[in-house]
Amino acid sequence: MKSCVIQVINPNINLAMTRMIGDAARRAAAPGTEIIAARPSQGVPSIEGHFDEAIAAIGVLEQIKQGKAYGVQGHIIACFGDPGLLAARETASAPVVGIAEAAMHMATLVATRFSIVTTLPRTLIIARHLLQRYGFEHHCAGLHAIDLPVLALEAHAEIAQQKVRECCIQSSRQDGTGAIVLGCGGMADLASALAQELGIPEIDGVSAAVKLIESLASLGITTSKRGDLDYPLAGMFNQLR
Amino acid sequence: MKSCVIQVINPNINLAMTRMIGDAARRAAAPGTEIIAARPSQGVPSIEGHFDEAIAAIGVLEQIKQGKAYGVQGHIIACFGDPGLLAARETASAPVVGIAEAAMHMATLVATRFSIVTTLPRTLIIARHLLQRYGFEHHCAGLHAIDLPVLALEAHAEIAQQKVRECCIQSSRQDGTGAIVLGCGGMADLASALAQELGIPEIDGVSAAVKLIESLASLGITTSKRGDLDYPLAGMFNQLR
Amino acid sequence: MKSCVIQVINPNINLAMTRMIGDAARRAAAPGTEIIAARPSQGVPSIEGHFDEAIAAIGVLEQIKQGKAYGVQGHIIACFGDPGLLAARETASAPVVGIAEAAMHMATLVATRFSIVTTLPRTLIIARHLLQRYGFEHHCAGLHAIDLPVLALEAHAEIAQQKVRECCIQSSRQDGTGAIVLGCGGMADLASALAQELGIPEIDGVSAAVKLIESLASLGITTSKRGDLDYPLAGMFNQLR
Amino acid sequence: MKSCVIQVINPNINLAMTRMIGDAARRAAAPGTEIIAARPSQGVPSIEGHFDEAIAAIGVLEQIKQGKAYGVQGHIIACFGDPGLLAARETASAPVVGIAEAAMHMATLVATRFSIVTTLPRTLIIARHLLQRYGFEHHCAGLHAIDLPVLALEAHAEIAQQKVRECCIQSSRQDGTGAIVLGCGGMADLASALAQELGIPEIDGVSAAVKLIESLASLGITTSKRGDLDYPLAGMFNQLR
Amino acid sequence: MKSCVIQVINPNINLAMTRMIGDAARRAAAPGTEIIAARPSQGVPSIEGHFDEAIAAIGVLEQIKQGKAYGVQGHIIACFGDPGLLAARETASAPVVGIAEAAMHMATLVATRFSIVTTLPRTLIIARHLLQRYGFEHHCAGLHAIDLPVLALEAHAEIAQQKVRECCIQSSRQDGTGAIVLGCGGMADLASALAQELGIPEIDGVSAAVKLIESLASLGITTSKRGDLDYPLAGMFNQLR
Amino acid sequence: MKSCVIQVINPNINLAMTRMIGDAARRAAAPGTEIIAARPSQGVPSIEGHFDEAIAAIGVLEQIKQGKAYGVQGHIIACFGDPGLLAARETASAPVVGIAEAAMHMATLVATRFSIVTTLPRTLIIARHLLQRYGFEHHCAGLHAIDLPVLALEAHAEIAQQKVRECCIQSSRQDGTGAIVLGCGGMADLASALAQELGIPEIDGVSAAVKLIESLASLGITTSKRGDLDYPLAGMFNQLR
């Protein structure tokens, strides 16, 4: 494989989470792949709703521009709502993959139906909308929230991880589900241990997205610039284009 | 009716279009309604894709905050993609209505199916996604683009209006449709003349949204702050909240 | 606003309910709006299923004809199943709005998902079919019945209202819903008190429909007479056309 | 097979069409089956829209009551819009089948997708709604109208039949369809000749419904009276219950 | 009715179940109908998943070929997953009906929604996929498994039948359902007793399929050989074609 | 990346096509990946419908068993209908990916909508069903057939390739599509040249599947053996399990 540079964008500005996501990406990356973990120069400390997503989308676009200038082979949007995904695809020429879509796509390859375990109940609507947009409504057996905010995954790691674990166990039983999608970039670390304990695939979107970008890059498939995802028309915000 | 102040936000920064949209809103407004036409302090000159929408969403949120401070009874997002709609609903306490949803809702009340006439073909995907999100896929008989950018509606008004007219006539015939939804805030002026010529309802989203906001305000119905649309959690971007 | 006369048709023959619905409509109406509350000359005392709806539809058509002769600016079908809606739209030239669709449309403007609270469990299938027809299946978080017939709302008002209240509270908790749609014209009185107690929008279809008709009338948008909703072809039942 | 009496209800009042439908039903009936062809005592001469359907539904209910008194084993609603179907099922205890649903169900058993050929374009919306209600949207490859009213099938039989034939041929080619559903009770006579000429199944709903009623009757399966389709609650219209 | 020979194919190789299915078919058959109960020469003893279905499909095709050589008027695939259905329709010229589709179609004619009671939880996904394929997702109120394998219906008949009974009672209450579809050919015997006890239609697919084949045969409707279901192209497996 | 052995199963018995598919897989494979191209010991020379798929599924299962014995890290089903996919997933412990799903998943990552270009019109129904099953109906802008059988891609390579090219060009224009999915394993060779000529991504399922299997293998994600895709229950066909 030719060497490949992937930019992993944490859409919030939290440094520790950016590092954690970068590390998770590196563990998933092929030998020839270099991971650049990035975060917006300004934005929200965590993403817990549509407002946060809108702010985060700008940070994502700013970072896409930087990654593009650097010449990366692909961009990852490392927040489970995939904020700014289609806008990023317009700006980028390399492929752009969100961690929610990455996890969902992967899950459908190894199970007939998956459950999603995410952070606050108020973000479930974002997952619902993504399932509809991506076409996976019939593949989702259940949507669950641990009722802790994103940053608790770091600040109160032990409690939060225990809640994720319990929620996964319960979802797996209730939903009759074959796989679990971890619905937050901050849960990337937990996937393999949980998979081992529960005996079913636990899909983390960060690592899934790394492999999808490597796949696209290796096949020479880039974002379609014909029609819907063509570069933005010239205007005032050239600094982000 | 108690007096009602409605903020009509043009998500792009074009002054002439902001005025035109404001005028259209005023023509639709009830006697007791005051219209404040606003545009972002910075942003894109027109919205022709997802990138432009992401930028525009920030401008919308900035304006929502100002409108909220002013104490308006409702906010309108006057771009056919309804950019930033759910984020705006999180920030606002008064109701927020997008002109695309307003036009689509109204159209389903007077026709079994409607056609959409919009600007550039690349924006059709935005309309498609909105139809899916709002639940109106089965109510849409056809999606059409005049293949001119938004600003042409102003810069080359005569040509653009002629194209809109032709596209409406053709859509009406081809699709066997009962109503036409005008898919751009910049087409607000054309609705009534076209309706008269074609003999079917032509729905302009700006005026439709004014009436929906007046309706909600009059009924005392405001954006639900329980759950999905609760105020954004505290964070760094308090200036927009 | 030019003066506007709206005919509110109670599809059943119950006089007290007709008055109650008329009063609810009047409370919602703009100053310039006159409300005419009507009921069929013959029909069913309440509507608790498809059979009752079929009978009621004839009464609705009879009343639409009278309202049309009177020159009203719009017609409301004030029963949650919207009986005879499309037939009424064929007969009418002014806009016709059902209270179920009115409430559902309004609810989607202020919440991502709504719950429905209605009367007997056997009428839930009617609500299900309407959700499918109108495109709001994804917007409905739950369907609930208080298990009392329509007329109990009047005959045993206290008990019935208590049941509605309890059902709203429970739905709001269970469904994680942002708004509640009251699924019966006879519940129109309860909306505002419940909204205040529960802290989420409670949408009553009667008042919602009044505002939608006022909106359409003010915009000069009338029922499309091209194609699907054209006037009925001439035949034997001219007395209803 | 025990002897079986089936009531075939022509929802319009046209005598010649009632006879024709009765004859088509008799040709399809098993030796032990007796066909009673009925029409409402009053109603519309033909059904060309939602208004006509609403009127016709009352006639259907009147006839269901008579058939029930007579003790028939099943009822057929012989108009392609299946007017009054669920109301009829509430009133009846024996099974009730509409000719649209009958034809659609049968078509899916012998072809992956079918096309519909019906009368006036304005009735296509009725077929669309039925496809959605019955779940056959994905099974329908095309909807076509010959642009002649129902009664033309009798008054101008030769021209109308030629139009049906041409429309079937064209649909079969255009849609890549495996079967054609004839969308009007008045086309019952044409099915077998067209099937032979075109070499694909042409499904007539009248004969399909006769076989479905015979099937249900023979299996002792009657309309579910638990829940949604329970008998109408007592009220003023007992004469129709 | 002209005499009619129907081949009922038990897709597994179990002799006792083949006989039981054959007997159930005979009880449903019209006087002039002859039932030939067949099973593959080799295959699986019972069908409890996709693997078993793939094996069973070959046995079904083998039997279809034999039935075709014999000159039967129709073929039934008597396993609730309808294994090999479309392949069988390509091979056959007579109609082919699966017992799952037969039961589902029939259920929608007598109830607005039905529940399914089947064997092992792992087969629920097969029923889910069939509901999607056939278009009956909205008609299904609940999917339930008794958690016993197919062969338990015979080997431990009493226990299994008791479990089916309990599951039907519970489903009927929980789902607010109007009918129950028995999700296994091995449950054919239980339908009428359960229907009587529960007071709602219990649909057995074997008898339903017999009546549908009789219906199609009587109407002269055979599998469409135009397009999608045309005979397989010539190749190496002529022995099965 | 640890070394990875992927079994690419051509579900038909054609040797030349097996080699071609194997070569395409090898070109896509990472340096550490070994490709084993396999074909069934017996089966159909090409797959042009449901019958052929049923036969091919058995060959796929036979090969899965062999690949499993060999200890491969993943299996690819290299026919656009993904025959036997869920059955193969039951049998396998390593991941199994079909080339249709692989291509469709990849296409949605780089374009909002894709078109499919396949061989014979009769196989379009298979693609339609897969789109529904996988959830990509809304992502498909058009389905097209070159009207030549699979083997023509080899026997009459030049003509066939020219037809594919023309069909891609036309689809790209007509459908307003952003990417094209090549709907046959035999088209694997054409993707990159066509992508270059047309300027939009042309997705070949064989190479896409190789990358997806490499991705899953690298992440240690294997087929879920909990519930729906658990190993087949013991029975007579142990030789294939």
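As written, the chains take the letters A, B, C, D, E and F, and residue 1 is the first residue of each chain.
Convention: contacts are C-beta pairs under 8 Å (C-beta built on N, C-alpha and C of every residue); 3 or more make two chains touch, one makes a residue touch a chain.
Note that the structure is predicted; figures quoted are calculated from it, not measured.
Interface repeat of C-D: among D-E, E-F or A-E, the matching pair is E-F, sharing over half of the residue-numbered contact pairs. Chain geometry summary: the mean Cα position of chain A and that of chain B are 31 Å apart. Distance between chain centres (mean CA atoms), chain C to chain E: 43 Å. Chain F has its Cα centroid 52 Å from the Cα centroid of chain C. Multi-chain contact residues of chain B (touching two or more other chains) are listed as 86, 89, 112-113, 121, 124-125, 132, 138, 176, 227-229. Of all possible chain pairs, the ones that touch are A-B, A-C, A-E, A-F, B-C, B-D, B-F, C-D, C-E, D-E, D-F, E-F.
On chain B, the positions that touch chain F within their shared complex are 121, 124-125, 128, 132. By the touch rule above, chain C contacts chain A in their complex via residues 112-113, 138, 176.
Remark: chain A residues 1, 28, 30-31, 86, 89, 95, 97, 101, 105-106, 108-113, 134-139, 172, 176-179, 192, 195, 199-201, 203, 207-208, 211-212, 214-216, 218-229 touch chain F in the complex.
By the touch rule above, chain E contacts chain F in their complex via residues 13, 42-46, 48-55, 57-58, 61, 84, 86-87, 89-91, 121-122, 124-125, 129, 132-133, 149, 227-230, 232-233, 235-237, 240-241.
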